[in-house]
């Protein structure tokens, strides 16, 4: 793993608890790695796998979802839906080839600034062990083959030679 | 008489089911034959590559392209036919979303070769011989298509005009497509021939309260034909799948498997379905959520059975950003 | 889609942001993005000139979208929304990038911080393009208020709202109001007698036409939102008919359980009967029957001496709990504190040695209507010759509560004075720091010093019993010597802790608690009385330990907040809510079970789900669960979030 | 037959032979097999930590390395050994410097720390695994109205002990289960002076004196201990202490396992009761 | 090599929280031998923080710690003062050439000598070695107790030792060198 690899992590935080917790880490001037980019949602129940897969499609190396502790949800039980979804979402991601270290769902309350900083630190460390996320675009050879056969001109040239070689 | 429709039908990483489906239009096949000249149909008529390369650009009116893109040959043919067809139609789930072949994206070329040429018990392959793109045969240098690292859907390789969903598409869907082309009143580009809503809209099964206490596989229970299958613990892809198939499966007491692809507003069929089903699991704490989730045998395989290639993390243009 | 005209403003926030994030560079980079027509950085965006700059740009340059990279939206989003509206632009066409709390304050490396800030602003720009104007939703405000907790701050809040002419429901868990203050004898620094200053207020509560007092009651459910709460309250039976009972106390003297049940009000120093009057100045001054100890209620066999003794025939054993539902505009939490149980620190001998008591027990002892009618006595009835007061028992301590309970220093000095006053004993006070923070407090401390109290600067480490005498072991840190000081009585000034049911109350009301377990305010410095849930306010020790003046001040402040929304008659509520596109909804009913507010119903004719946008709170859980993608949440729909994700990862 | 790994510690082979005898007697009676850790070494108690921190971690760590993997928990009868073994496990998790130091040194001496057993004091094992119900069941001769105070000592409960550091309850409950009358005692977990008794006796005498005086004052006939160091300090110097502080009367200091043995019908000699310096015969007349 | 005595103490496991001390004196109040100390535990911390290294390391008080962990348990700031006392003794033992109190030095040398060689301890042998190292008359003081222990069978004269002395001596030497840097 190249040692200066700095993972890009998307954090989706619920407004009432985790976003406020991250704010508290700020007001307490706690330092934690700058790898995480935070997006706010009103409740962790608003998060769905489409947002997570989009993050990986855009090249994120990890996604962190954080909501209120069960029982503290501002919308009574929005986070209970998150709690139901997480095991299945985690399994889906693993099945489609995303290492477990790249996805974490945690509970951070508005008073747990320090805990939030530690979670980010730990996640950056774990992802560094696993390395950068490889976009699922097939290996380079596939791309080369594509250029070779791509241009219509190319196909036409094959025609003059009276027969194509269908493949390099 | 108006010049006959020049119709090409090609099959890439496919099972031939779509071609057979075209015959399923029974007597309507005659109308098709009457309305169109089939200029290319590898399953039915022999052809050589030169025959395709001789065709003038645009000489094919409609190309019904079924099957996903797995090898370089399939990519080349897709590009060649695209260059020569006015309308390119992704015919069937494989061409449209990668279909069942794209489940191979759960692994890669090396994984597949290891399984096929090394690990299976009956394989003896000391020199670890693997397929390669050229082979110095007695007749001279032989070229074989390269097997790509992943499976692509048709629209990830070439520009596609219409999509005919289904595995295979039903005769009605095929006939609707052909009619639209023949009569010339074509829907806007990119339309998926079928309904816009999910199957639940037209499903007569009785719906009460969506709550899952246990995941079941189709062979584990005899479902009550009157009641919603999802409410009986069967993973039915109906809520996220576009209608238009005439409920072939649910009318035969089997849960929908999603072959008509995502409904209009859904960008990632698997992700949406998984989240919907997980949300109605009847659990309140983390431990029981884990336990219940574990009873669902193969989430990815079920929710992405026909559309893994179009899952967001695979949805790229081949070779492009 | 026609191009947008986006204005991006990067705030320095003095040096808070610009000290770490290179605001100029971020501004320059973001200016290069298409559709960004204005990109400026400025020292204080939230200041008037800052806001003026935005307004002018909107007017002159025709901006239709604004991104402000500054502090947390939880801090100044309302401010900047008002600025946009001031310039005629809908307040929701704004997106804030949090580059202070989430970037500059938490990142050391400047280069990394600038890179992170830039990506957050890019995300904000991509998101703001997809923002749609949203009209603030205004709802009428019910002009009633619910005050939970009848201690001094609850009483103050209730009286103030009532005197302004509005109805108050005062809900008190115990059988009487007055809270912990009712137990005190004197108060510092003026040595006013607690009863003299509290009783009139309690009587006012009892007699106020606008206050409905419910004792022995607790809130079990809260629905609705600011201006339109529905609060369900369970009132436990008192088995006494309030209208008939005259508060004469005959039932108490007749009861066969007389002097057998430890009296909570006297902190266990006296015994009472099952039917009893809490204390002489109690409001309501009515008897109550303790269903935990009354023989008739527990084992159905008793001579019912109380019924015979009650002239007013007020006792009614088949009273049962009643459930009330109140429609209120706002809720004021004033639930007070519990004392730290000194048994959790066995080294102080509380509960093992007779004459080791806590602060409230001493208060009861010095109270004229208390168990010892004001005499400070040892267990054997004699007067102590020497008394020790130990500060910080359970406070400022990693093993128990890290925080300082603020009031114990002054109450300890008061105890010392009272001991000197009542029985002229030697008094030793063991303290770490003497915190005399209030008006007149230092002067009071000075006066008590001159009364000859020994102030030992060193925390009491242990209370032992040597040769039958209590000994306080501590280090006199100013002497640097280990000392063992024999005394007759030890008063432990224990920490003020959150109520034992604080977690349940917080969850019932949907508010969060800070690390120390007290209810969490919106902002610890600028907004200590409101919570992040609009319409729910805090007052007194339930927010953190404080003395009576501060509790009263917060009671008034909370009352002012309630009166403010009552006065305006309407209040803006979060306009964010979900809506269903019936064209796309297939009636699969998955969303219906997901809404805890039951805002989604199935339309029987169309067999489509429909959302009642007035009830919907905008959490978005249904949108994430809808398999057809038919549900859209305003301001948090898929396109906006996906765009922001794309932007922050670019 | 339940088996535990057993770390006796140096004193149980010499000055605390009676403790060793009573431990083997009682546990044998309870059908519990003890497998002594092969080639165990001294834990360094409070002496080695005063001289070299790393050495003070090496000594107990070697015993943990020698203890077999998954052969059951490691039971320790002496408070000081129990604390040093638990402390090294705790330190190796908490402090990287110690973890690496010990592992590096052990690698050069063929010792490996994978699969360390859980360290438990003998009293902890009896209370949690055997349980009070089983103990009551095995009592044939209850110690009727034998008035005792229970002295857990300091390192059993601090800093990582299994009971309340200020007011431990386990020993009280066990003695009540045996039928003894447990008197209130505030110095249950005060210190007996340990090695100060040898180097600076005047300090240790004062500590032992305040413990014995409170025991006498509350009317105890015996002091029950769980550690050989405490037993020796309380038992062996009562004469000198009485002279120094002109006190009268002496109190027998007895191991909790000895009283358990008596209550379960074992003989005094089996339990080494006569080895106590201050004789306990008079106090035990009522029982045996 | 350390900025000051405080950061030196903080560099050792157990010393990390010393700067949190608010000088409340609970440690002294909880310490069973602080009555006999010129520099009470609290005062030692303030001396450390005042950088008076020699005063601390040469004081006899650090050797009066019975290691009962009462100060560690009760410290409101969570400072592990017992571990700090051990650190101070380690430094004093390593650096102080002469130690006024013969008793203490003699006892620790005797104990350490036996442990480093044979890995196990026999009290009787320890007392004898300790007496020879300090002053033989001590043997007479211990004699009565020794006799009683002998009569009660609580004194063994075997020289107990671990079997694998080589291994033990090696690891103790390695620890000595490693600890010594």
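Brief remarks follow.
In this document, chain identifiers A, B, C, D and E correspond to the written order of the chains, with residue numbering beginning at 1 in each.
The definition used in the following text is that a residue touches a chain if its C-beta (ideal position, glycine included) is under 8 Å from a C-beta of that chain, and two chains touch if they have at least 3 such contacts.
Note that the structure is predicted; figures quoted are calculated from it, not measured.
Listed by label, the chains that touch chain A and also chain D are C. Considering every other chain in turn, the ones in contact with both chain A and chain C prove to be B. Pairs D-E and B-C differ in how many C-beta pairs touch across them, and the larger number is found at D-E. Comparing the centres of all chains, each the average of its CA atoms, the largest separation from chain C belongs to B.
Seen from the Cα centre of chain D, the chain whose own Cα centre is farthest off is B. A separation of 49 Å divides the Cα centre of chain C from that of chain D. Here the CA centre of chain B is 74 Å from the CA centre of chain D.
Centroids built from CA atoms put chain B at 27 Å from chain A. Separating the CA-averaged centres of chain B and chain E is a span of 77 Å.
In chain A, 48, 50, 54, 81 are the positions where the chain touches two or more neighbouring chains simultaneously. Touching of two or more other chains is recorded for residues 35, 73 of chain E. In chain C, the residues that touch at least two other chains are 347, 594, 621, 624-625, 638. By the contact rule set out at the top, the touching chain pairs are A-B, A-C, B-C, C-D, C-E, D-E.
For chain D in complex with chain C, the touching residues are 164, 166-167, 184, 186, 210, 217.
Interface residues of chain E, counted against chain C in their complex, comprise 22-31, 34-35, 37, 40, 42-43, 73-78.
Within the complex formed with chain E, the chain C residues making contact are 347, 392, 396-399, 432-433, 457-462, 473-477, 480-482. Of all residues in chain A, those touching chain C in their complex are 8, 10, 15-17, 19-20, 22-23, 25-27, 29-32, 34, 37-43, 45-48, 50-51, 54-55, 58-60, 68, 71-78, 81, 109-112, 117.
Chain E meets chain D in the complex at residues 12-13, 32-33, 35-36, 63-64, 66-70, 72-73, 80, 82, 86-87, 89-90, 93-94, 101, 103-104, 107-108, 111-112, 115, 119-124, 127, 130, 145, 148-149, 152-156, 160, 162-164, 167-168, 170-172, 174-176, 178-179.
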